[in-house]
Amino acid sequence: MTRPIAILGLPQDNNSSFLQGPALAPARIREAFHSASANMFTETGHDLGADGAWRDAGDLLLDGLSGQVAYDAIYAGVSDTLESGDPLISLGGDHSVAFPAIMAHADRYEDLSILQVDAHADLYDDFDGNPFSHASPFARLMETERIRKLVQVGIRTLTAHQREQVERFNIDVHEMSDLSRINDIHLDGPMYLSLDLDGLDPAFAPGVGHHEPGGLSTRMVIDLIHGFGGQLIGGDIVELNPHRDLHGMTAMVAGKLLKEMMGRIIKDMRG
Amino acid sequence: MTRPIAILGLPQDNNSSFLQGPALAPARIREAFHSASANMFTETGHDLGADGAWRDAGDLLLDGLSGQVAYDAIYAGVSDTLESGDPLISLGGDHSVAFPAIMAHADRYEDLSILQVDAHADLYDDFDGNPFSHASPFARLMETERIRKLVQVGIRTLTAHQREQVERFNIDVHEMSDLSRINDIHLDGPMYLSLDLDGLDPAFAPGVGHHEPGGLSTRMVIDLIHGFGGQLIGGDIVELNPHRDLHGMTAMVAGKLLKEMMGRIIKDMRG
Amino acid sequence: MTRPIAILGLPQDNNSSFLQGPALAPARIREAFHSASANMFTETGHDLGADGAWRDAGDLLLDGLSGQVAYDAIYAGVSDTLESGDPLISLGGDHSVAFPAIMAHADRYEDLSILQVDAHADLYDDFDGNPFSHASPFARLMETERIRKLVQVGIRTLTAHQREQVERFNIDVHEMSDLSRINDIHLDGPMYLSLDLDGLDPAFAPGVGHHEPGGLSTRMVIDLIHGFGGQLIGGDIVELNPHRDLHGMTAMVAGKLLKEMMGRIIKDMRG
Amino acid sequence: MTRPIAILGLPQDNNSSFLQGPALAPARIREAFHSASANMFTETGHDLGADGAWRDAGDLLLDGLSGQVAYDAIYAGVSDTLESGDPLISLGGDHSVAFPAIMAHADRYEDLSILQVDAHADLYDDFDGNPFSHASPFARLMETERIRKLVQVGIRTLTAHQREQVERFNIDVHEMSDLSRINDIHLDGPMYLSLDLDGLDPAFAPGVGHHEPGGLSTRMVIDLIHGFGGQLIGGDIVELNPHRDLHGMTAMVAGKLLKEMMGRIIKDMRG
Amino acid sequence: MTRPIAILGLPQDNNSSFLQGPALAPARIREAFHSASANMFTETGHDLGADGAWRDAGDLLLDGLSGQVAYDAIYAGVSDTLESGDPLISLGGDHSVAFPAIMAHADRYEDLSILQVDAHADLYDDFDGNPFSHASPFARLMETERIRKLVQVGIRTLTAHQREQVERFNIDVHEMSDLSRINDIHLDGPMYLSLDLDGLDPAFAPGVGHHEPGGLSTRMVIDLIHGFGGQLIGGDIVELNPHRDLHGMTAMVAGKLLKEMMGRIIKDMRG
Amino acid sequence: MTRPIAILGLPQDNNSSFLQGPALAPARIREAFHSASANMFTETGHDLGADGAWRDAGDLLLDGLSGQVAYDAIYAGVSDTLESGDPLISLGGDHSVAFPAIMAHADRYEDLSILQVDAHADLYDDFDGNPFSHASPFARLMETERIRKLVQVGIRTLTAHQREQVERFNIDVHEMSDLSRINDIHLDGPMYLSLDLDGLDPAFAPGVGHHEPGGLSTRMVIDLIHGFGGQLIGGDIVELNPHRDLHGMTAMVAGKLLKEMMGRIIKDMRG
């Protein structure tokens, strides 16, 4: 038997270095998820409209929180939700929310691996003096030495500093300039998917703060969700910026990817 | 010798389940077709600016019609135009117009096959109680048992019910999640192409009512138009929604695909 | 040792046949190039933020100039900048600026070859009676017999007249309908890259005057920049139209491609 | 002592004759109401951030309902909320929701008068054969003979038929072509304000289905809210169409007008 | 008895100094005029849906024409249409079309006066060396000494040169900085209304090439149409630029003003 | 004789509480100021295209600066520019730049009065703990006791706290809800105009971070610029947010208001 997947909003964006907005995203992704313009089946054939497929765990109240206080609130909120035993997908917020969300998962799953879809490695040791910056969560995460493996896909902006960090943390980076090994992402064990929407090309996901042309198509991300090894146990979708999202096109992409992540989790739960 | 291709507008959208607008599309597609920002050659090298290449058959007057009355009007209008012996491409309107348009063709071409480019299978036995819904035309069509073969490309939203309909009607579905067989669409005999613009990814065709991310690129559709077997004898382009089409980008896609369909028809006519 | 790459704005658009606007582009591309939403590393790992990597040569004053006078002003301005020995990338302006810019390069580099990324061949012998039209620069250029080889990529609009011109000038055209030979562009010697943003599909570069669906993705262009043979010694980026560029998405594409062109030039300079 | 104002969403738009979308509006108006880009004070100086100023009564579940069934559901839902004794402002939905919402108020307030801000009189005896059309609610309402007085402001589209209805129901119409008497709207007794956002000029409220240029400014509507006589006891804000609302500008107008309506209700409650 | 008002499209914009586009306008204004989102009554109560109220005279074929040739074609086309005795409203096109259109009227109406609504006086003796520039039509017109009186409303950009032209031609200019005399426009005899949409503030009419903030509201223009003295015998609506007109908002303004001009003409015809 | 007016960019927005972007504004306002779509005459008849009318003092380098350091840099930069004796208009940046800019003016002009056009009083004693917040500059300013009089126009968001600050600092506030005294702003002596674009209604200036409906029209602001007493000696235009400014409409408003401010300064200099 499977458990319902909990959906939890993490409306925080005060760690954004360039453009605020992602705090407004959870409501928009939910709207797209429920949109009458699409149905509730995943491409794997699972019916998310069936009773018990998922539950809405609401939004955490993060208004005005920042730094360690915000970290603690998100860590506590995600941990509380995971207490139920239900798998969880968080809706950001900017990418800084992934650090506490993943740490809460790492407490429940030994040997957790991470698949990160992103334009940016988010590995800055320090960005504008803010250790909780949305440019740094995966540096913070890897410093904990709690993560078995970090795999990054879609990267197209590595600085010299970030290349050093990649070496330091032994990260498996699949840059857009060379995707030849992307079908060889053979992982096993529990896997968490952290999906920054700017990993997609701005043509597919214009509603993000950082336009970095030359990225993944929506189809490539869907194929990735269903294609890698291991067991998907949870994840996040972050960095939707409604201020840039004319006609809600990117929210629909987020809603679609949410459905496909749910389909993969259900498939993996059922073994 | 070839005959001119007739272009006929079918401005109807009251069978749209989510967002009206396609009734405004024929005028916008014509504007894009004639736009001074492009020339009149197809990629196959045919000059649509040459005398006799095509003729504008105007728009049917469908204002205020719905249900069986609208069906009859479209069936009659398309049949009348086909009387001339000219091949015909219809400009919708929502996808509900395809059912009567195809039936009029089926009366003239024995053993007609259909290639449908679409995000959705449009096979609902019943949608909101409306048998003429734009979600159902291909169920209605296959029930007539007049169609030799239906091939669907670009599909990414099959419900359990629609999977049953696929089985029931023996449809050849090429879902976006598996396009490996798409170059093997070996058809022969007369072929009608029903092109729902939401078969394209919303990045390429944002001006549609139903954003279903993960679709075809414009190039994939052009290659498909020129690539399948059989003889293209007519078709339709449907579901352009000008309300969503900032700067007329999707109208230009429709205009381009119209030109390429015309190029294919001319090539096939000339044998 | 390498020399700084000069960036020179050529704000002219009175040779545009359809929609003015590209004269506003240099300022927008610079803004995107400097945007705090991205960093200054190329995908080849070069740091454009390093001292001496580039210099801004400002904009030429072209306001109100047209025809031969504008040609002369651009030719003189580009030649003056090349005097320094620095490689140069020009920012258009419409594509008519490429003719004088390339001629100034041809005076310095014997046996210069040209790689043109474009939806259109721009080979009209005559367009609306204007020999300097943005539809004609490569006809003018090839008539000089100063160019070793012209390679065109992304073309999808050849008229019968242009196919004749292709024959006449022995141009190597890679149409979008057949990119099978694109990885075989084996060139040697000095190479100039003329990049018309409408070579990209409008999904990736909506901010251009001529929407010609079915084009290249941003990733394909980046791969092309780093993939062909020969030594890249300069180039131009043209036809950005800010009037069509909602949220500056296409300016960011231009800024990205500018960075990658610079990375390729630096790599080639260093041997 | 004052009671909290209840805010109730009525997400229904299947009575829209032209363009669906208003069913998505309640979420957007709430988002704007709570936006961190504004504060919670009304122009009358009331602090809506104070405890007990208002409460969110959620949305009625109207998905898939239409005709008499939808009417009954809205009437029941509004009546239930009014049971608490709290004043209520409904968020549509299209204007058809106003008929049942006002009827529920008419059951509690004898001699209720209505102030309608609107581009259209909404008095069609019959529109496309749908008695519940969003073009007809005030015809239905006046037929009940339960309303003391209907005052319409902002009207600029009267047909001959509607002018007859104005006579028949003795409506006080203030057309945009003559606002000379607008400061003389001297009412007394309980007053309900039905605010169709298309009463504003499309420059101020572009996010509506029916653009009818020549309307009220936002300031004129705010002044009207605070200026008429009588006691404001409730109201509705309808016809926001998020599909047309780039950057959420009209949602912010709706949020502002909601705040000012609340300020007026609080002032009138306190006497 | 009244005659039907002829509506004639003049799709020319190659005299635009800044941004092409108005050649696409006639189709958009017709679409707005017929839009199902509004009805066919004017604010004066005339029903434009009645038989014989108007007729569509189509578009003149002006593609590729310029200078004197274009002038002659427009003059001839307008004159031909006026032969019928029907009053005529032309749909531009840029403002250069007004010169030949008005001259054709001046041949039929002695002592014709002109009311021009515009941000710009359009009185340049010479602009970029083009005597037919859209910046000069009213200089050309006044030089003919065929016009009894020219009244300009909405002007907010007079140069020193244009102030001299105002003196020279004895024009009655109502600048936006002083509208105190606008209700005193007491004219008599036949009157032609030339309506440049940039006379409105860009908030009300964003879809024009020249944004000149500080202009008229739509309501002020409607009031002007119905308020001045004399008999309205024809006119034009020019400078709509669909490239700038998101969601067709300005086309709806043009459609509304067209209806009101028609209402005024009908009223004046009936005496 | 008059001195040229210096125009200085202050690209800072890290004190924005809601949405970054104004740091990009100086370049956009300059582009609009120079746009070929308008001329260089003010409504007062001054020709800004004349030699010596103005000079561009460039942008201060404020990248990465915040708090006291940013204050000091702006204060020093403005003071340095004023050393020349030229009057100065600053282009923000967010409204936090006005505090140091005004202080630099207060050092040169005794008895300086301030006219602030704004939706918000910007008088927070403390906002999110940031004394330099863009919500607080006028509290900081009035605490210095260096300002003779502060007059605020366009205000529509006073909180109880801000009403206390108004009392404390004896500010003359003209709220939008009562503009009856706006023509009575009789000031004398040197006057500085601080123009926050959100003082305008979002219909006229959508490109700002805080949409506060119910504001001034562009015309009202122009009339205000030319209408108050005293001598205008300098000012600022702040809070343009290009991320929200589709088609650069608000930049054109800023460019227009810049021209009119310059016209007023020139008129006052000439006495």
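Should a chain be cited, it is by its letter among A, B, C, D, E and F, assigned in written order, with residues numbered from 1 in that chain.
Here is the rule we use: contacts are C-beta pairs under 8 Å (C-beta built on N, C-alpha and C of every residue); 3 or more make two chains touch, one makes a residue touch a chain.
Everything quoted here is computed from the prediction, not taken from an experiment.
Matching A-F against the pairs in B-C, C-E or B-E identifies C-E as its interface repeat (over half of contact pairs the same by residue number).
Taking the mean Cα position of each chain as its centre, A sits at the greatest distance from chain E.
Centre-to-centre spacing of chain C and chain F amounts to 40 Å, using the average Cα coordinate of each chain.
Between the CA-based centres of chain A and chain B the separation comes to 37 Å, rounded to the whole angstrom.
Measuring from the averaged C-alpha position of chain B to that of chain F gives a distance of 55 Å.
Of all residues in chain E, those touching 2 or more other chains are 18-19, 36, 201, 203, 243-244, 246-248, listed in ascending order.
Viewed as a contact network, the protein chains fit none of the simple shapes, being neither a path, a ring, a star nor fully connected.
Taken together, the chains touch in the following pairs: A-B, A-C, A-D, A-F, B-C, B-D, B-E, C-E, C-F, D-E, D-F, E-F.
Touching chain C in their complex are the following residues of chain E: 18-21, 64, 128, 243-244. Across the complex, chain F is touched by residues 17-19, 156-160, 163, 175-177, 201-203, 206, 209-215, 244, 246 of chain E. Residue ranges on chain B touching chain C, taken from their complex, read 36-39, 41, 43, 45, 47, 201, 203-204, 217-219, 222-223, 226, 246-249, 252-253, 256-257.
Within the complex formed with chain D, the residues of chain A that make contact are 24, 27, 31, 36, 63, 242-243, 246-248.
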